[in-house]
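Before any comments, here is the structure.
Should a chain be cited, it is by its letter among A, B, C and D, assigned in written order, with residues numbered from 1 in that chain.
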Amino acid sequence: MTILKGIIAYSVTPFRENGQVDLSLFRRLTERLVQSGADAIAPLGSTGVLPYLNDAEREALITATAEQVNGRLPILAGVSHLTTERTIHHARFAEKAGVDAVMIIPMSYWKLSEEEIYRHYEAVAGSISIPVMAYNNPATGGLDMAPALLKRLLQIPNVCMIKESTGDIQRMHSLRSELGEDVAFYNGSNPLALAAFAAGAKGWCTAAPNLVPELNRSLYEAVQQDRLEEARSLFYRQSELLRFIVAKGLPRAIQAGLELQGVEAGHLRSPLQPLSPAEKQELKQILENCGAL
Amino acid sequence: MTILKGIIAYSVTPFRENGQVDLSLFRRLTERLVQSGADAIAPLGSTGVLPYLNDAEREALITATAEQVNGRLPILAGVSHLTTERTIHHARFAEKAGVDAVMIIPMSYWKLSEEEIYRHYEAVAGSISIPVMAYNNPATGGLDMAPALLKRLLQIPNVCMIKESTGDIQRMHSLRSELGEDVAFYNGSNPLALAAFAAGAKGWCTAAPNLVPELNRSLYEAVQQDRLEEARSLFYRQSELLRFIVAKGLPRAIQAGLELQGVEAGHLRSPLQPLSPAEKQELKQILENCGAL
Amino acid sequence: MTILKGIIAYSVTPFRENGQVDLSLFRRLTERLVQSGADAIAPLGSTGVLPYLNDAEREALITATAEQVNGRLPILAGVSHLTTERTIHHARFAEKAGVDAVMIIPMSYWKLSEEEIYRHYEAVAGSISIPVMAYNNPATGGLDMAPALLKRLLQIPNVCMIKESTGDIQRMHSLRSELGEDVAFYNGSNPLALAAFAAGAKGWCTAAPNLVPELNRSLYEAVQQDRLEEARSLFYRQSELLRFIVAKGLPRAIQAGLELQGVEAGHLRSPLQPLSPAEKQELKQILENCGAL
Amino acid sequence: MTILKGIIAYSVTPFRENGQVDLSLFRRLTERLVQSGADAIAPLGSTGVLPYLNDAEREALITATAEQVNGRLPILAGVSHLTTERTIHHARFAEKAGVDAVMIIPMSYWKLSEEEIYRHYEAVAGSISIPVMAYNNPATGGLDMAPALLKRLLQIPNVCMIKESTGDIQRMHSLRSELGEDVAFYNGSNPLALAAFAAGAKGWCTAAPNLVPELNRSLYEAVQQDRLEEARSLFYRQSELLRFIVAKGLPRAIQAGLELQGVEAGHLRSPLQPLSPAEKQELKQILENCGAL
C-alpha cells in the first residue's frame, strides 16, 4: 500500500464573494502547491473547511484536485462526515476519482463511544480499497482517540496511517512505543514539527507550504540527514509562523498570508471571517521575519 | 414576543431500519409529548440529532411537528448549521412553517471568535421575525459562550432567550446577576433541574418528558409554589435518571427508555449505536426506582 | 456525635507588620464572629491560612479560639498537614484543647492515591475521639476526592461529615443520592450557597460572616422555612460578594472588606499581598450594593 | 555565573522505619549518583520530598550533600517553601553551606497572582548571591507560570535558569523563541527528554540516573554530537521507564526501582506509600526491557 511521507501539503478552499466555491482559483492554488516541492497534496482537510461544504461541493473539489494533480503526486483526500452513510459515500467517490488515500476524522456532536468510533472506521474502510489515515484532532473534531484505540483501528486492513494533532508530543511517543518502529504516524500539529520528526514521524500534514514551502521542506530534509542542529535552527525560523496559523485558525491565517504574498486567495465562508487588520499586520511581521515576504 | 416557560419537551428523531427518518413514528411520539403535559415542544434539538440530518429531512420534521401540534402548544425548533447561509435558510423555513421560536447553537469545527458568533446570530436573527433562543452547550457544539457574550447577543432585537447547558450553576447566577430579574434564561442541563429553578430559570429544556413527564412537571410546580422541600424530594426521585440520560447521550438513552416502557422508538442513525444490554439493564433499574416502569 | 449545621463561620488569621501572628487581634475578630449569629466557629481553615503557619502558631491559635469561644458555640478546627504524622499531632492537640470537631483536607504535593488518602484519614481519625469532617477542595489542596472515595471515608467511625468545595453542585447531588437523606454534607463553595441548601446541605462553611453575617443567616433561615422565593432574593443580594471573595482569595478579600468596614484586620503573610487599590474600590462598591457599608 | 548543563541528577530522601530521615543512607545514595556520571547533584527537589520535611531536616540534608559531594560536582538545592520568609531562610542556609545554585518553585495553597510570584522571587533572590533556577511545575506546585512571567523573572539579576516541567514541549519552544538562543532552560519532564534536547534544552533535571544513568547520559551525548537517529533509538529504550516513574510519582517509583536493583532505599514518609506488588512487577519488567536489571 502507498505509504505517504515527508511534506503533505493541505489545500485551502477559496470562495467567491457570493459564497460559492471558486473552483478555478482552487485549481491554481493546487498547482502552486504541487510545484512548491510538496510530497503529497491533501484537499478537503480542516484547512479546506471540509465540514462547511455540501456534498456537491466536496465532489467537485475532489474531481478538480485529481484532474489538476494528474498523477504527479499522491493525493490524500478528506472524506469525513458526521454520519457513517455519508462518509462511505464520499470515500467511494474519492476512490473512483483516483485519490490515493483518504483521511477520516471521527466528527462528533454527540460524543462517540470507542465502539461507535471503531464501527464507523470499519464500515467506511470496508467500503473502499485504498488506504485510510485515521486522524485524531480533538480541538476540531471534538473526540480524542487514545493510543489504545488508534492501535485497535490499525487492525482494520486498510487503516494503515495515523495522523496525530493533539499537540501533545507524548502521544506520538506512546504510539511509537506501543506500535513499534514501523508504525506510520504523521504529525498534524504544526508547532510540533521538530519534536514529531525527532520522535520518528513519517510525515508532516501541514497547510504551511501554502506560505513557506522551502522552510518546511528544509526542516524535513535536515532531520532525514541526521543534522539536528540545523533542523533546530530551521524550526525556530518558522516556529512563530506555525504557532500563529494554528492560533488564528488555518483557513483564516493561510488566506491572509497568501494575500500578503500577493497571491489571490478568495473569500471565506461565513461564519468564518477574515483576520482583523491588527492580526494581518502581525502576520506580515512574522512572514518578514522568516523571509517569506 | 412569546416567552416560553415551564417544561419544554424535546422530541427524538426516530429512523427506520434502512436509515431513513420515520416521519410517521415521529408524529406519534410528538403527539405523546403534547399529551404528556409539556408546556412547549422542541423538535430538532440535540435530542433530535439535528446535525445528523440533511436539509430535506429537517424540513420534513419541522412541517410534521407544525401539523401534528397544530397550535395546541408553542413550538421551539432547532435550526442550527455550521454555515450562516444554511442557518438562515432553516430559520426562514421554520418561521414560514408556523414555528413560534427558533433555537440556535453556534456549531464549531473551527473555533469561532466572539465577533464571528455575534455576526452569525445577527445575520440569522435579522432574517426572521420570530424570537430566537441562544443556546450554549460546549459539550456538543464545541464553543463556550461566556455570560458577557450572551449579554451582547441579547441586544439583537429578537434574540430574547438564553439556554444554558454547561452544567455549571454559577453561569446561571452570573446571567441573572448581570442581566437582571427579567432575563429569560432556560436550563438545558438535566442534572441541574432543581438548582436552575432555584436560581430563577424560566423553563427547563429537557428530553426527560419522553420518559417521566409527571415527575418533570411536578418538580416545576413545586418550585412555582414555593414548596422547596417537596421540590427537593421530587428532584432526588428523578436525579439518577437525569444523570443517566445525559451520561449516555440523550438520543441513545431516550430510545432505550421508550423501548423499556413498551413504546416503539425506531432506530438510531450511525455512527450512533444503541445502548449495550448492560446499560439497558441499568436504565431499567433506574426507571423502576422512579416509578416509571 | 455533634453534628454541625447552619452557618459555620471561618476565622481569618491576622499578622502584625513584623510577620508574627497577632493573637490579640485574632481574639477580637473571633469574638466578633461569635456575636454575629454564627452557628459554629472554624479557625485554621483556608481562610485562616493554615498551611502558612508553623506548629507553634497553629497551637496558639487553637488555644486562643477555645478560650475566647469558651463553650458558647461549637468549634471546628483545621488540622491538615502534608504529613500524616503532623496531622495526627495537630488533631490530638485540638482534641485536648476542647475543640468539638476537626476538619481535614488531604494536602498534596505528590498526588495521593485513593488508598493513601484513605489510610491518612484512618490514621488521623483513629488517633482522636472527636468527629472528623472530610474536606474536598481541589483548587487549594490539589486533590479531588470523588463521591465514591468520600463514601468510603464515611466508613471510618468518627469521619461523619463531608465538606464539598469543588463548586460543582452535581457533586452534592451525587453525595446525597448515593449516601441517602441523612448524610451530613456541607457546602464550602460560597457561590453555591443557594443551590447547596436547595440540594439539602446541612450547613455552609463560609468566611462571609466576617462581612455580611445577617445576609448569610437570613438565607439559611429562608431555606429552612421553605421560603424559596425569598431565599433566591437574599442569595442574589449577596452573590456578587460571594463570587468576589472566592475569586480574589478569601484571606485577601476578607482583610480588605474588614478594613472597608472600619474593622482592624492586620496584615497578610508573604507571599500573599493585599488587594490592589482598584480591587478594593470594586469591593467597596459590592459591599455598598449589598448594604454592608 | 555557573550555568548547569547536561544530566542534573535528583536525590531521593530515604527514611527509617520510625519515620526519621536516614542521613547515612542518604549519603551513600548521593555518592552513588556522583559516581554515576551525572553533571550535577540536586537534593531537596520533588524527588527528595522537600515539602514533607521540616526545617531541621532540610538543613541536615543540605549539609550532608555539601559534605558528601565535596566539590566534585555542582550542587543545585531546592529551598522552596509556602512562605517567603522560610524560603529566604533556606536559600541563605544553602548558600552558606556551599551550594552552587538554588531551585525555587512557587508553592501554592492560595493561588498566587503574577505580582505575588514576582515579589516572592525578588525577595528570595535578593537575599542571596548564588544563581536561582525558577521552576515551573503546576502538577506538583499548583501554579503555572506562563512564558511571559518566566521572562519577567529572568530580569531579576541572579534568576538565570528556568526549569520547565509542564510536559508541554510548546512551552520550551516559546521560551526559546521569546528569550533567544542563549536562554538557559532545562527540562524537568522526563517523558520529554528527547523533544526538549531537540528544542535546545541546556540540561535534563531528572531522578532517572538513580536507576539508568548510562541511558540518560548516552541520550544527552548523542544529541550533543548531532546524532539524531541514535538519540531517538536511545530515547525509546528508556521512554517506558520515564513515563512510569512520572506516572507513579518519583519518590515511590525510584524507591521501588532501587530495591529491584538490590540497592537499599529506605522507607517513604506517610501519607506516601510504596508501590503495590503489581506495580513493582510492572517496573521490574520495564527495567529488564531497558537492560537495567
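Please note the rule applied: a residue touches a chain if its C-beta (ideal position, glycine included) is under 8 Å from a C-beta of that chain, and two chains touch if they have at least 3 such contacts.
Computed from a prediction, not measured in an experiment: that's the story for all the values here.
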| Copies chain C, chain D: same or different interface, half of numbers shared as the threshold? | same
| Most distant chain from chain A, judged by the mean position of its C-alpha atoms | C
| field | Distance from the mean Cα position of chain D to that of chain C, given in whole angstrom | value | 35
| Rounded Å distance between chain A and chain D, as computed from the means of their C-alpha atoms | 38
| query | Tell me, which residues of chain B touch at least two other chains? | reply | none
| request: Over in the complex, which chain D residues touch chain C? Could you list them? | output: 19, 46, 49-52, 82-85, 106-107, 109-113, 115-117, 119-120, 123, 139-142, 249-252, 269-273
| chain B touches which residues of chain C in the complex? | 167-170, 173-174, 176-177, 191-192, 194-195, 198-200, 223, 226-229, 231-232, 236, 239-240, 243
